[in-house]
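See the structures that follow.
After this come two complexes, each holding subunit A, first together with subunit B and then together with subunit C.
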Partner chain A sequence: MGGKRKNSESEGMEGDNDGKNSNKKMKKEKTEILPSSIKNKEKRSAVHAKLKHQKKLDKRKKLKARAAAEKRALELGEEPPPKQIPRTIENTREADATVCMPDDEELFAGNDADEFSSILKHDRTPKILITTCRFNSTRGPAFISELLSVIPNAHYYKRGTYDLKKIVEYANNKEFTSIIVVHTNRREPDGLLIIGLPDGPTAHFKLSSLVLRKDIKNHGNPTSHKPELVLNNFTTRLGHRIGRLIQSLFPQDPNFQGRRVVTFHNQRDFIFFRHHRYIFETKESKQSDSKGKKAKDAKDESIAKEKVVAHLQECGPRFTLKLVNLQHGTFDTKGGEYEWVHKPEMDTSRRRFFL
Partner chain B sequence: MQHDEVIWQVIRHKHCSFMSKISTGIFCRNPYNVTGICNRSSCPLANSRYATIRDHDGVFYLYMKTIERAHKPNDLWERVKLPKNYEKTLEVIDKHLMYWPKLLVHKIKQRLTKMTQMRIRMRKLALKTREKIMTTPRKEKKRETRREEKAEKAAVLDKAIEKELLARLENGIYDGIYNLPFNKFIETLDTDELKAEDENEEESEVEYVEANFELEEEDDIEDLGMKDYHISNDNAVDDDDDEEVNAVKEKRVRRWSKSAHEKSEKDEPGTKLKKKSRIHVEVDHEDGGERQKATF
Partner chain C sequence: MPRTTTVECPGCPPFRALTFDALGLIKVIEARGKGGGVPQVVDRWGDPDASKCVLAACIDDRKTDPLLAVARKSGVIEVLNPLNGELSVTVSNVSNVGVRPEDDAIVGLHLFRRRRMELTSRLCTLLTCTTKGNASIKTVDMTDSPAYSGSPNTWNVCASGNIQCSQVNGSENYALFGGKGVEVNMWDLDKCAKIWTAKPPPANSLGIFTPTWFTSATFLSKDDHRKVVAGTNSHQVRLYDVSAQRRPVISFDFRETPIKAVTEDLDGHTIYIGNGSGDLASVDIRTGKLVGCFLGKCSGSIRSIARHSELPVIASCGLDSYLRIWDIGTRQLLSSVFLKQHLTKVVFDTNFTDEVKHDATDSAAHEAQSMGEVQTADETEKLPNKRKKSSKENKGSKNKASKEKEGSKKLKSKKRSKSLEHDVADDA
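Right, the complex of A and B next:
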């Protein structure tokens, strides 16, 4: 009310002729008042509804204007105005100093010196030992049998009551290159421990949303060819390390004629595992139908125009991993040195990712 | 003054803060109690002459109290460290409790046995690795499942994988394995199929008029005397790769001959059918030939 009086006073100073004008200004100001500050509920909801309607109209107007501009540009043959890029969590990710650039020499030097380089340079062939936690039932064995079909040269050993350290020792003697431990809780696999041997790191993953082969619709059955690997989006130092750990589980000389692909796709720190069979096909178009009647010289053009597409058929399990911790050296809960541990305070921002 | 009987009467019938009555019996919580049972002979408070064994972080001590020190609670208990060896410990106990009541000595030795066994078991268990039971914070779990769902949607996995595979194809990783020029491959397949179809058609349609057809052809030859063309015609049937021009000429001639003969041989309905189908087949051949030329 003070503002109102002041306003009217100032108007009054200038002259009484402008009194009507000042009233109009007052009305304008009223519309700008936040509806939440109005105490009368009926009035408040009315003002709010009006405001909302106005916003909607404005938005529609904006959209129309943009569409019109684009259309006009097309008609005139000009370049259309740049398309707006929606803001996603991925492109508004918090800046991470360890995100690797392709020209990062330090990284490559580090890669050459790390634990997996002997496997990735074909010096050693990967040989995997798969075992479980002490109590294992229902979905655990089914999951393991599918893992065995996914990972070539993997061997399942019953856990018995052996300590994990003893198993590590045994596997070292038998020249295994990695150990995978499937942890089961309440008859449902919920954890995956990957240990690199002989002195590789130990990564503990949380395993979730496991779907077995028989529960996938239209699933295929994998062949015994060595699969090829797709590792997507492992960007940071830690991500590269995890990627190399995963890479070291699979043979480095895939049989491409098997057309099997195993994917580890990292999105927002969740690593999605998928296993597919694929085939390349040319996309069918009208040109291919009239191919036979066309002259020879037209053929080359049609070849250039046709598009190659990949068709996928899912086979094998589907699950999601999330890194819980990464330990330097083999499994050791007491004296182990951790390279990275997930802590609750890391979850405070939904735009902060570590892989 | 130490009056054991008075103390016992008070403890047992009035109140004792160490006593615990449970359904299985009356027990004693006093750490100096040898048996852990609440009775007259094993009560550490109501016995002025008493001995027991206690464990201090894995080391056993023999505790003894006598009536002479009853007025000095500070030095009430005499403590003797017991050796690690079980047999030696028994000897030490025998030596220190030489003239003590036999029942108490027996109880102490029983306790020693029990405690030694317990110590062994504890050490074994300490060496074993055990699974650590973790809490599962419901809030965080729910949050993670929610974020996982959204991340999966954002990933568009199938698209991403297809893209990656196509990139590999372009980079030539699959060269020489199955990176065939698809069009050519499909075309060859098509032509093969067409050929196969042609053969099928011929066979199926030849079946019911073969005799007539041969007769008719012979008639053709005899009437018109175009043996050369007939030969070429045979060739065309055998080889699909025959020249177009030849085939076209042939067709014309044959049509002409057909029209000439139709009137004369109207009484045979099979021939007409046959001829038509025959021509049809030839056109197909031409197509096939052309295609093959186009491909190679």
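Right, the complex of A and C next:
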């Protein structure tokens, strides 16, 4: 097989050389023939295959050349050529006027005046009411029990047949700071409603790809310490608002010895939720071990070689949120005013994000 | 599969607009240069403070000595100079002691256009209305700051319910109030007497009665106080004719969220409506037919719509913190400015012209010059585009002309039908 491949490769190389020569000739004769303009199917596919093969070879050659250049630079002790940065949807994101700048004083003034500032300034301690939609079974309660373990000072109340507006009223009287409603459809949680109280905004998220704790391999069990919170990539004005809404669910004074961390990571308008335990382990590298064998007086060196490694253990649940709308004021479907609603006419580009 | 069309924003004609937001800031937006100006924030008045949230504003834009009145959440009404933001007088609206201004917030504010006599004496007259229905007319002397000249003329508009909208007609003789649990009612301002109240529509075939909740109202035309358009919380737009009946003449639904803003056009039959989920549309109120929607990624509730009195342009603003300028004929988005806060109100300063500057400070003049240069450069680049635009405009104008013809025809037929109706009514 190998021999065959080699043969074919060498043939390919030869053919490629021939092809190049012929190509040059062709260029002299005609500029270029697109395979799609050939009407004969066999000929067309042959030309196309040839072209594709040629491209592949070129690419491999380029890669090899780059690797060689890097190696040479390393040997000579020079600066290696700069690494190329791949173009992704994120780093070619469309320019947006609503992206917040760190030196924007109006932003901070606005933040000071918003609904969450009293919680974030430690004036009120967060107290969360968790409830469900009216029909709730299997994965719904399991998810809620895990949410209760993630969010400190959260209380589950049975929904019963109460109106959500009544529940909001009740929670206001009991001095809750937020309400979370888990909506299930066909025994699978599919929506999350976060209502800030007493007059904070209402965010409606679509919930997807939920993985519960027991389905995660090698999962850990969280302690009852207050978790640390990581909010990633909330850049725009709307993103900041959503970030602050999420932030107001958690206590603002984490217990660092609990080594628990809750992450909300925003990427392309999807918010990924993860819950981890971490540990910093000091690990002696292999070199120090070998040195230890050689001589004991090199102890100081071995200490210097000790590395601190962070280990993560996931302790579920795991899910993804996507913002559907953000409503001004508490839950009101009929007379509510929206701060942000997704509309189909806003999807004019893949490279535009709102959070 | 999402659509992948881009909304092009051609520049807008020179204008000057003032926006008011939830932090109590007043921002001045200006666009300069003919046919392709990019609007920019040129000035910001006030310090960010949540308690100074602007609830209502009114401008009296005349050629000389214009005035701007701003009602704040703390119960204070400020009268400013809209050209440079200079505070001329502040009036406290806290009438009874013991009522917090937050509980009885101002919802309506109207600054009366001054007559010649008042001009010389530097007086200005204000009509305010609070949520609980306390309406008052005050005359304020602007020479020495907190002195009232003449006792305020106060009356109560409603016994119960919350007032949410109030409007004064073009000749400033009549005022309109409406709100949650309050039917639209009209008052004669000279006599301070209620002259008309609307009647709720009957319960539907299922016997369901929608409670009264008006969220916006306006007079249909400047010189006729008898026709009134109101928007309700149950996404209905209603046309009332005071001279005909107490029930609405025309009533139609628009989308599914409450109507938050209604503004009339100068032609007396087109209205612009904005709702709680950011849909903006123009409607011909004679027939109740939708003329068209204004499309352009408007994602937050529309709080205010303003019609420019000379240019064919409207401005809309709301909770998505954008000020958007739209063309009336083509219903195209001309440009948008991001203003960072939840906006509550926008007004046009119609006396702004590109050449003549009101505040002739040196720095501003320099800015204008440099801006002019930039724009000329832009224009040279955009020449082919411009040609296209002009051709489009021509087409548009033709269409308009034809439409107008049609409109006039319709009018005639309407008149006929109306006269018929009148006859019938007489017979009855």
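Quick note on the criterion: the second predicted complex is superposed on the first by the 297 of 355 C-alpha atoms of A that agree within 3 Å, B and C clash if a C-alpha of one lies under 4 Å from a C-alpha of the other, contacts with A are read in each partner's own complex, and residues count from 1 in each chain.
One rule holds for everything that comes next: a contact is a pair of C-beta atoms (placed from the backbone, for glycine too) under 8 Å apart; a residue touches a chain by one contact, two chains touch by 3 or more.
Here the structure is a predicted model, which means the values were calculated and not measured.
With both structures placed on the common chain, the touch criterion links A:265 to subunit B but leaves subunit C unconnected. Using the contact criterion defined above for the overlaid structures, shared-chain residue A:339 touches subunit C, although it does not reach subunit B. Once the two complexes are overlaid on the shared chain, A:98 sits against subunit C while remaining clear of subunit B. Of the two partner chains placed by the overlay, neither subunit B nor subunit C lies in contact with A:120. In the superposed model, A:106 makes contact with subunit C only, not with subunit B. By the touch criterion defined above, A:347 reaches both subunit B and subunit C. In the superposed pair of complexes, A:142 makes contact with neither subunit B nor subunit C. Once the two complexes are laid over each other on the shared chain, residue contacts for A:237 go to subunit C alone; subunit B is not touched.
Overlaid on A, the two complexes show subunit B and subunit C touching the same residues of subunit A, namely 344, 347, 350. Across the complex, subunit A is touched by residues 2-7, 22-23, 25, 48-50, 213, 233-234, 257-258, 260, 276-278, 295-301, 319-321, 338, 340-342 of subunit C. Listing the residues of subunit A that touch subunit B in their complex gives 88-90, 133-134, 163-165, 206, 208-209, 230, 232, 256-257, 259, 261, 263, 265, 267-270, 272, 274, 276, 278, 280-282, 288, 291-292, 294-296, 299, 302-303, 306, 308-310, 312, 320, 322, 333, 344, 347, 350.
The touching residues of subunit A, counted against subunit C in their complex, run 97-98, 104-107, 109-110, 112-113, 237, 328, 334-350. Listing the residues of subunit B that touch subunit A in their complex gives 128-129, 131-132, 140, 143-145, 147-148, 150-152, 154-155, 157-158, 160-162, 164-166, 169, 173-174, 177-179, 181-183, 186-187, 190, 287, 290-291, 293-294.
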